[in-house]
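Before anything else, here's the structure in question.
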């Protein structure tokens, strides 16, 4: 077993890390960090458990420590559920010594930090060596993208592999859990939509092209199609829904697109990583799917469900679909864990 | 006062007609029709009132009659809130004698039936003469578009007048009231989104181009830009939200787009029709508006609120915005009434 | 394995039966019935699956038959998820030959039909013999109570065993699933409460006293304390919440009440019936529990969670608590299955 | 016009004060206070407007001042929407000079501070003189009860006047606005109920008896029947729903109870105070009313709607009903304003 810890263990994403790691065949939670006012308390007391599953027995008695490299002791991997501003300050310090698999946005676009979806761009892990050399670290940081980006990019990847994408328009309908437990007041969202999520559109636009780009000579050249996002918060607990419009350079058949999505697999599937869904993309034929409440838990929340895949006759070589992905599993904690599983398999 | 009736008066849209007509300075409700099982009952007994306003006193004692031309008596205008399949059968019969201002989709795309938004294409009313001649009717039918189309087209109109639209992508987040009172079970939509609304995408795509088209020699030539829609039902009671992406032929400044939207007015504003909003489009500057619960009642539900108007740097000459319009007022009953007010002013 | 069938297999409760039976160690689904328009279709085609779990593979290809004793063939137990009016007509016909474990209300208050919660009044099964004799049936009918009654009665039982209950007041906050998939329109319940559920208050008041009554000489004498219910529909998907106020004859300590609830067990626990929860009542200490979304799935939906257990100082010998129970599992399909498991163990 | 101010003007209740005072025939807003970080800003900039109505033009340019007696200048009445802890500190200071009509709970149970519902116990205003003498204040504090207490007590008053109440049990289903804009996270309440609201049950139990008590010789003797509350937060925006069970000493007819509720009027109605509803209690006959979304705005949010008034056959001389009252209008800002209107009429 690899000993691991969770940085920022009391929040929404921190709890998802704990939930997913509790049953993990390779990783064992040894340390949990939180803000100073939780320090010293057993986790059971430090955290109000937000998930419908119960707090795992295994973490209840772990004494929470501060988010400080001097306090986490002898572990191999640290999963970071820290807010971006704190992550920016402390993740580099942890990386001097530890492997940090981070869900935070702080370091994602650093040129020597791999921003990785294992099914999409596992080769970006080659940046680790560069990162360690340049920064003189014994550990390193690997990051996963923003929640809505992961789901979108997973579905673009098989298309990008076979066709030339010219344009992507995406309108997201995002769950409230994406903002953290206290992020969206009920007064703001019952019987309502909020058509704005700070920084989200920029993240989708930037990270997607980066993930689908090329790593050459230690540098990532982003993919160069146009991508435009409009992001909206909706009264849904978990599961981001995205309406996607794509224009390709080449002619295509809808059945071919469906086939390459259904057959799409990456390294995690080949290596049978513990958290890897058998199929990263599930294509549904019903006219009214995917739906967040019905499809977010597909493959333990690790697969993205695509539906309403159809030709867009308004434009040449165009198609449309709707996707649903679990924003705090595949889009956050599960993404970091899959990254760590890949690292554990091919690097350690 | 012009004597009017409401066909299909007990449903959601029928009730909105009654609510809006109750205070109307020019129209007075004289007859209400419904299905056979309500016939003969006073309206108060025939209808379960769904709106937050109270059932107007003026209609409580009106005896509901069947939806049959022989039963509506001496009125001038009939507002139709009938379901499409029934409308297809009975609206033509009513039109032999009566003016029918219909919210139903049945007759919208008939070549001699005006599909009209008074601010957008009032000249299409010229089709009335052709319709009457061809069909030998003393009355006629005039229709308004689908709820999500009206809001979208109102915002496209000032742009279409000044620029050449090349592409429109729109993702809608539609309120449950659009499906009628019993249309969306709570089990289907609490903590959920349903990414499908039967026929809606086709209506948006067809009707928008038709409304922005040209009437020449008695024939409508649709506008010919590309338009693609993806429609979604969300847990919102009233008010459709739409994320719009537009590409233009020409260069533009965002401030110019904002200005032409804010200054946009049509015949209803010039004629000061009773239901006309002072401004058909309200542009808001806050980063988190428009929101359906906060903005649907703007100008008594007759204006469309636009926000997040911003350049789309991913594509040449492109912009994005989000709109909210009240689907059963500006998008249904209020639309038919505004049509009737225009007819009353310029034809009667 | 005991071969079983589900009557009314396409609705909400029918689907819960299938979901629970699919993994069942003793029962195997052999036949599914539905209304005539589904007859002959494979279940996968006949039913739109409403649950978040997936439709079990094992039932997809079962050809649905009509709800008619001549069509169900060679099975031992039939679970009934039929609406009350249909149940009243057909359950007696099925009982001529089959064991019917019914969730329908139709036959519950028949003097020779056992209305049973296995932890509460398993001895009522003695009525079966009387029922068979009187009616000349080879099979029989056993029923479970209404959803809100089951949860309430389970928590009253240990108190009733040790103390003399004088009064019970209960205000329920019931999930929309209790009305069936199409039962509560979203327009009726978003941002709202409906303070009325037809027949529900009477069922709680009558069935609770019946269940806590005595069976002597083939007749049930109901318990004779006062019980008053007020029932409300709330925007919750699954899980009924009930606020309970109780006055006892005797003095008590809150800790004693807590203890007898926590330690409460019945025959299902002693016999280790497959669906029996280890503890029928879970007592939580947190001040803000139980909550329907967090606690409805406790013990696979078969336990009732009690919280806020506190003395009621306003009245002598009084206490208050809040409970949550899963209305379509412990309160419907799971209740019938537990009844059948008990019958299978002690009668077959 | 009487010049008034609002203490704590940027929160939910502060905004309701502004909304209601904007159209007020007797009161004119001259000063708005808020926390230090809003000081000096025009109200438009200091407050994010939460209500569906628009921010009144009249307050947009008012420069917000700190919540400090030295800063509010020359006004006659100060409405307090302060949180309890701050109110406890500053309201007494304001009262040295100003009339403070407070919605805060801090001073409600002080023996010389009138806790008043004008229809229920206007005579408690006699405490003002005692308060001023004892404390040496030129101004004074008058308070209104907690939101759920006001609605309950209004409906108990006519019964209490004619009969001897023995017991009251009440289960509340309270709107999220009662906790303030940020009080209830959407993650906590979508598809859920929270069966706990800190201090609420105690407030209902204490304040109700106080309000229905007797003021004699400068001291309030509370009414002495038993009252027990169980409080629950539900996913409703505005409007508290309460299920009420009452036992009386005397026999009664339901029609008599209905009559005394419908005919109930108090001093506000007799004096025709501007905010007084024509009828404080509206009794509805429909079996499924009152509902919070449909009935909260009754009489501009100032009346309480009662429905399902029915005999409770389980107990002697008992009845049950359900009520809905607007928690931030009749239950908060509107309550303070009605108090001030009464003071303005009979004291100033």
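Letters A, B, C and D mark the chains in the order given here, with residues in each chain numbered from 1 onward.
Everything below uses one rule, namely that a contact is a pair of C-beta atoms (placed from the backbone, for glycine too) under 8 Å apart; a residue touches a chain by one contact, two chains touch by 3 or more.
Fair warning: this is a prediction, and the values are worked out from it, not measured in the lab.
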item: Pair exhibiting more inter-chain C-beta contacts, B-D or A-B; value: A-B
item: Furthest chain, CA centroid comparison against chain D; value: A
item: Same-site or different-site touching of chain C by its copy chain D, using the half cut; value: same
item: Chain B and chain C, separation of their C-alpha mean positions in angstrom; value: 47
item: Gap in Å, rounded to a whole number, between the CA centres of chain B and chain A; value: 41
item: Chain C: positions in contact with at least two other chains; value: 190-191, 235-237, 293-294
item: Touch list for chain C against partner chain A, complex; value: 52, 190-191, 293-294, 297
item: Chain C contact footprint on chain D (complex, rising order); value: 167, 169, 171, 173, 191-196, 205, 226-228, 230, 232, 234-237, 241, 243, 245, 287-294, 307-308, 312, 314-315, 318, 320, 322
item: Chain C - residues contacting chain B, complex; value: 12, 50, 176-177, 181-191, 235-237
